[in-house]
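What follows is chain A paired twice: with chain B in the first complex and chain C in the second.
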Partner chain A sequence: MSAKPASSGATTAFLAGAALLVAAAAPIVLGLGNYALGLLVSALVLSGLALSWALLGNLGGMVSFGHAAFFGVGAYASALASARLGVPVAVAVPLGGVIASASALTMLPTLRLSGPYFALAILAYAQIFRILATEATPITGGAAGLQRYPALPTVFGFDLSTRTGSYVLVLVVLTLFVGIYVAIRRSHVGTALRAIAESEVATRVVGVDSVRLKAWMLILSAFMAGVFGALNAHVIGFLEPDYAFGGTWSVMPIIAAVFGGYHTVLGPIFGAVVIYLFDQLVAKSLIPVGHEILLGLVLAAMVLVAPNGISGLVGGVFDRIKGGRRHAAT
Partner chain B sequence: MLRLDGVSVRFGGLAALTDVSFEVAKGEILGLVGPNGAGKTTLFNTISGLVKPRGRIVFDGRDVTSKALHQRARVGIGRTFQIPQPMHQLTVRENLEVAQVFGAGALEPARIDEILAVMELSHKADADAATALALQELKRLEIAKALAIRPRVLLLDEVLAGLESRAKRLFMLKLKELHALYGLTIVVVEHDIETISNLCSRAVVLDFGRLIADGTPEEVFRNPDVVKSYTGGTH
Partner chain C sequence: MFELVLQAVFSGVLVGSVYALVALGLAVTFGAMRIINLAHGELVLLAAYMAYVVEGRFGLNPWAAIPLALVVVVSLSWVVFKAIDRIREHRELNSLILTFAVGIVLTNAILLIFASDVRSTSSPILQDAISFGDLFAMKGEIVAFCVSLVLMAVLWWWLKKSWYGRAVRAVSSNRSAAALMGIDPARIETASFLVAGALASFAGIALYTMSVVQPAVGHGFTVKAFIVTVLAGVGSIPGVFLGAILLGVTEALTVTLASSALQELAGMVLFLLVLFFLPNGLFGASARRG
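Up next, the complex of A and B:
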């Protein structure tokens, strides 16, 4: 991959590392209980899924309504590999990502579709995987689900199956994927992929193999979603098709990414944390049954008021302040 | 350099191109002429790989008929569109970088600076996204982008359209400068007879998808079939 010169690369890496350390240490230093840590782990899992969804949308212009497929395939693949084949969980989790990527290969023909047709095709694929997981009872346990598979392991004396361990692990994996996303975005491949989103013919006519680049992004996005599906599976210790392939895993990352601002790298992550905590702590207490309606209202409000999400809103305010200062100085 | 053998294209029941054959010599500036709907843009789309034809397209001795759009760019077929198609959200420099990295195979910042200077876009290189450019700047970017892939043949689709006469003259001089500077072979679609006469050493004329004349601009514009196609049948 051809890389652009990154003048502030070292500073960015340092800041990212410092932010990771603070984020990892904060809940532990603050002495958050298991319930609060559990909420944060789930929020970070959703963040990872939202990041993988936004990667596909930003780098290639593909809108997915079917990320539940990759999430579910990763979850089942990792749980089954560790339970039935004895694969260590540390290997099974990335293997879940690889198998989710392999499942994305079956979707490659959809890359020749654009806009709503791609979105609908991938939605249909997600349903196929849910039905397969339900019907392949001898392998997946069918509708009854899977319960007996290993939890996250202990690594160098650090028990990853505890809430604290899971939190740190999910945060580290999320940070790793953010790094990969940023590296691609900064490369010329990333620049071309940003252009493909709105000007596909203009990119192809100068030599960009847009279908191949989009295929790589679909495979990478599926890998990320699959890894988070796998991590989530080993954190919660129970899987059934309607949960692992549930529409929630397709819809929530969209709401989170749109809320946070999917054009930025950190927007979807921030959006997922806020949306998940809002749903669990506010919406559920206000409307215990059907609380999702509030998420729908939040999404509608964001699309109307701030189509570029919270990050776009904050960026706009900063630009106005900077513009005002420049104006005052002249 | 570029040869078309019996190229035909149909869109459903419409014959957009019928058995078109001609050759473009290395270093030549060829005018592609014809009334609206004659098939000029379809021919460009066919040569550049947007449309699959029957027949054969041979570029530099290689049959490129089955090659995809991006593959034809990589072998050196550059083109512009009548309505400029920049990579909208990228800056001018990013547009050229993407074209150079993918089309020519490697990033050469010095050459990008040179193209920016030649196309008088240096002052806009790192400013806003390409969407903020004016029409003339977009047309210059369109050519700059095509130059960045190191083309050996450049297909220019009505780059002078919409320009007033002085801007048109200046743009024509610019095309002659590019031709000399980069040793390009150029095929230019243009309606204006005067422009073709000034710019091109040879012209081919299409009418209803068929090639009806091939020769020097003076010869083809005296050809009775060409006169008839331009005047709608009245002399």
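Up next, the complex of A and C:
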């Protein structure tokens, strides 16, 4: 992982903005049907989750095997708040994120643990949350699930509960989070976090409170994952513990982020779209039961052949071109 | 009530002894390479399915699957090692992701080959009940318990007395110093994965003979093994044994006193309690804080 100069960061941000605008307009211009738009909404939800996973992995140096915990907490918190407490959905969704962050507070003691221990501790949390959601029947509806809660609202006459509305909303939220991620990465905090990922001990020696910074990244990552869990809950209109806290939400963001390259901002998003569409359109039709085997093979191959993901491969080519140019100039 | 509790403790000890085998496999590779093999549980599961094949196709006792399981699982363990060995950057995190991927592939391969049905032994010899006073067990459980004890003794001897075992301990305590003493770390790492594969073979067959298996449980074995190593603290075989027994007993008591839905939760809670309050494990002294 190499620190990029600020100018390249600004270019990236500009390109990202342009790409997202095009992404927002394209399906509407192309007039995609409800099925295709539905696929894209799910792919973008996964993109958001992958982004939150990569933020933790890239800026915090932590691999999480339990992001389903945050995704599920966000989903249930938002659905329950809007259904039982009458909170408007527009407030319930960010509230879902906040409660997911609050659930991350219970994990803070695990941050003192080194790599593999943290990874496994967070996996334990995801399991615990799933079992709690299943057992707390009076509140969550238990294994039978939760169905009657409000859908996404209509804002300024634009119905967000339609496929097109959901698509635009999810894309806007995703863009917002990309902005936050980029801003943190380019700040002093980002520099400190990158240093922690390289060598935590060395960073502590120079006076950076690494555990505190990592804690903030965990809380932020949980917030993002929780918001996307909440959005997804209101889009699909049905929740059950085995779905909301399902292993899929822990596994897919890892595959997506590693495939796209989790050291970059856009890699995980791109990876999520590609991996999700590949899974839904190719893998599932080839192998209806056990299609995850193909995803597992992709993940293993990426770690071995291109540990920096697709963006690492592409970036490698760019660097070589740039390096050549710089060499010619000096 | 008291008898129920006593019976739960007894059953917990028997299951725990096999958890110890699973955990030791994980611990040996962690000791030698500082790497957690997240596919270890799937290797155990694969051995269990080898027992299913041998029993179902050839009508033999599941324990007759040992040669087949050893060949398949040990070679696969070696393949996993070779793959990990290719990782160059961010080795700790990337090896976690890689072995996690291998676990996904194995689980789904088992699902594709053997379907998602629950499998268990149909051998009457292993399923017969045997009583010790008021306590009951299946004969299969007693066999598994004895196999575990013998293997633990063998492993203890191997680590303590044999040249390879000493080399493994040397590499785990100081890799560079061990290399300077003429020990080839690569050779030791290979050995540790082969031993882990062998332990997984026995553990898988033991689990097949005393409980039920299905493709989804492989991941659970890894988690249990990891919980045990956390309970034990890094480093001692008796520690791993006691940690595994503690996990087995906690699970059995939860099922008896509360509900079987909470069985997994009990292990997880125990795991988090130990992580928070006794970060060096119940019996270990070595540090794992980063």
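Going forward, the second predicted complex is superposed on the first by the 301 of 330 C-alpha atoms of A that agree within 3 Å, B and C clash if a C-alpha of one lies under 4 Å from a C-alpha of the other, contacts with A are read in each partner's own complex, and residues count from 1 in each chain.
One rule holds for everything that comes next: a residue touches a chain if its C-beta (ideal position, glycine included) is under 8 Å from a C-beta of that chain, and two chains touch if they have at least 3 such contacts.
Quick caveat: nothing in here was measured; it's all calculated off a predicted structure.
**Student:** Looking at the superposed three-chain arrangement on chain A, would you call chain B and chain C a clash or a fit?
**Tutor:** Once both complexes are aligned on chain A, chain B and chain C fit side by side.
**Student:** Does the superposition put A:I287 against chain B (first), chain C (second), both, or neither?
**Tutor:** In the superposed model, A:I287 contacts chain C only, not chain B.
**Student:** Applying the document's definition of touching, compare chain B and chain C: which contacts more of chain A?
**Tutor:** C
**Student:** In the overlaid three-chain picture, which partner chain does A:P307 touch, first (chain B) or second (chain C), both, or neither?
**Tutor:** A:P307 sits against chain C, while chain B stays out of touch.
**Student:** Would you sort A:T203 into first (chain B), second (chain C), both or neither based on which partner it touches?
**Tutor:** first
**Student:** After lining up the shared chain so the two structures overlap, which partner does A:H188 touch, if you call chain B first and chain C second: first, second, both or neither?
**Tutor:** first
**Student:** Examine A:L295 and indicate which partner it touches, taking first as chain B and second as chain C; both and neither are also allowed.
**Tutor:** In the superposition, A:L295 contacts chain C only.
**Student:** Check the residue A:E135 against both partner chains and state whether it touches chain B (first), chain C (second), both, or neither.
**Tutor:** It touches chain C, and chain B stays clear.
**Student:** Just to be sure I read the superposition right, which of the two partners does A:L120 touch: chain B = first, chain C = second, or both, or neither?
**Tutor:** A:L120: touches chain C, not chain B.
**Student:** What is the value, to the nearest 10 degrees, of the angle subtended at the Cα centroid of chain A by the Cα centroids of chain B and chain C?
**Tutor:** Apex at chain A; the opening toward chain B and chain C is 70 degrees.
**Student:** Just to confirm the value: shortest Cα separation between chain B and chain C in the superposed three-chain model, in whole Å.
**Tutor:** Superposition on chain A places chain B and chain C at a least C-alpha distance of 9 Å.
**Student:** With touch defined as at the start, can you tell me which chain C residues reach chain A in the complex?
**Tutor:** 35-36, 83, 86-90, 92-94, 96-98, 100-105, 107-109, 111-112, 116, 219, 223, 226-227, 230, 261-262, 264-265, 268-269, 271-272, 275-276, 279, 288-290
**Student:** Which residues of chain B touch chain A in the complex?
**Tutor:** It is residues 48, 50, 68-70, 73-74, 78-79, 81, 85-90, 94-95, 97-99, 101-104, 107, 145-146, 148-149 of chain B that touch chain A.
**Student:** For chain A, which residues count as touching chain C in their complex?
**Tutor:** 57, 61, 63, 65, 109-110, 112-117, 119-121, 123-125, 127-128, 131-132, 134-135, 200, 247, 251, 254-255, 258, 287, 289-293, 295-297, 299-300, 303-304, 307
**Student:** Could you list, by residue number, the parts of chain A that touch chain B in their complex?
**Tutor:** Result: residues 2, 4, 188, 191-192, 194-195, 197-199, 201-210 of chain A touch chain B.
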